[in-house]
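A, B, C and D are the chain letters, set down in written order, and residue numbers restart from 1 in every chain.
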């Protein structure tokens, strides 16, 4: 759960973007408060690459599970691999969530109570879905 | 996993913000605005009561589990009750987390990158602990 | 996840009883196959005491949570305690499940496919409930 | 995390016992009986295909996640998909576990207390790993 290079280098820290997702130039929350975030300045490139690499590893694990089934591997050993992949996915989700809280929720916070309320509700529901799997 | 200075200094402990953590006199949102919150006026009373009521219900469920064991209830039925209590605890935790994000994390957001970073890391670790149980 | 004294001492190992839950003298599965289990020989006393002690500890933790709320403890610290209690409940459930598999499911296994099928479905649903909390 | 004697002795290893373990028309319970299961006759073909199909769907979801990142999809939407994939993996694991309990644990049950004890401990650890992800 570390901040990324993109976060650390200072040039993109203020942009937020919630994983680069905001339409450029579109203000959220209070339309009067135009932030760097609103201007679409963001750059998750390095982080995005790391995320995709991480997902590729998980994808490889899922293919590994298929091979294990083909080769009639003992089911407890398959279950161990299932748990490892599940854990990998959860960790990935947790990292995404951390970035989301850092950028989007924090961004909403400076815009006012309605914005923060909406974002916090949304994030809490996402956490609930993670817990209920 | 430390209480904040605000918790430790005793003056704000009773305020309960962020369930008891808000430094008094610190503006949130617009740095210019002094809010009721900053003045230590807040009203967690009702919510706190609701939380405690909720925990009492869970406490009652745990006592119910002891009775079930005493009465040699079928173990699958005990497990169902265990899951219900676990779910109750998780839901309670989730609600607490939502309030924390709304108040403490949002509060940190207006104070600057270091404050938000610290709070988000802390919250993420708490979420991770919830997921890993 | 250890076997209990009751399991180890040999006198109760064969009785099964799924946490002492079977009505005495009532055959399950195939009515022809009368086992020690059917005869109601069981004695989970020591284990039951350990279980109840364990639940009392969790009950104490839930009361501790109420005190933390009363004393306006920082919410992240409350969340840590919530996770600890949840984990305690899950571990208790897991131990109960292990005993159930050892006694009831194994017991059903010697009675025939229908008996085992029913017990395994039931146990799987219980595990699913544990996972989904 | 050990394969069973049956797996290790080479005669049944290829059969995928417990994941490929259906004793056809075989009496369980009587330790004297040599079962089809022991002879390595099994037929998980259809089920194995269904499992692999299921994993391919999950693999597709993981690739979908990578696309979502590439296309800068809003992080909460990515998290929803992460939770769906995690749930898919957990459900797959649960089905595998159910089959394992039905075949391997039941199989061990008729072989005696040591066999069942070993299998139940192993299964419980697998369930614990599923819970702790």
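The rule we apply is simple: contacts are C-beta pairs under 8 Å (C-beta built on N, C-alpha and C of every residue); 3 or more make two chains touch, one makes a residue touch a chain.
If you want to know which protein each chain is, UniProt gives these names: A, B, C, D = Metal-sensitive transcriptional regulator.
This is a predicted model, so every value here is computed, not measured.
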Label of the chain whose CA centroid is most distant from the centroid of chain A: C
Same vs different contact residues, chain B with chain C, by half of numbers used: same
For chain B placed onto chain D, the superposition rotation in degrees, Cα atoms, nearest 5: 180
Between chain B and chain D, centroid-to-centroid distance (C-alpha), Å: 38
Interchain centroid distance [CA atoms averaged], chain B/chain C, Å: 30
Intercentroid distance (Cα basis), chain B paired with chain A, Å: 23
Touching two or more other chains - residues of chain A: 90, 97, 123, 130, 132-133
Contact set on chain C toward chain D in their complex: 1, 3, 13, 33, 90, 94, 97-98, 101-102, 105-113, 116-117, 120-121, 123-124, 127-128, 130-131
Residue numbers on chain A that touch chain D, as the complex places them: 18-21, 44, 48, 51-52, 55-56, 58-59, 62-63, 65-66, 69-70, 72-80, 82-83, 85-87, 89-90, 92-93, 96-97, 99-100, 104, 122-123, 126, 129-130, 132-133
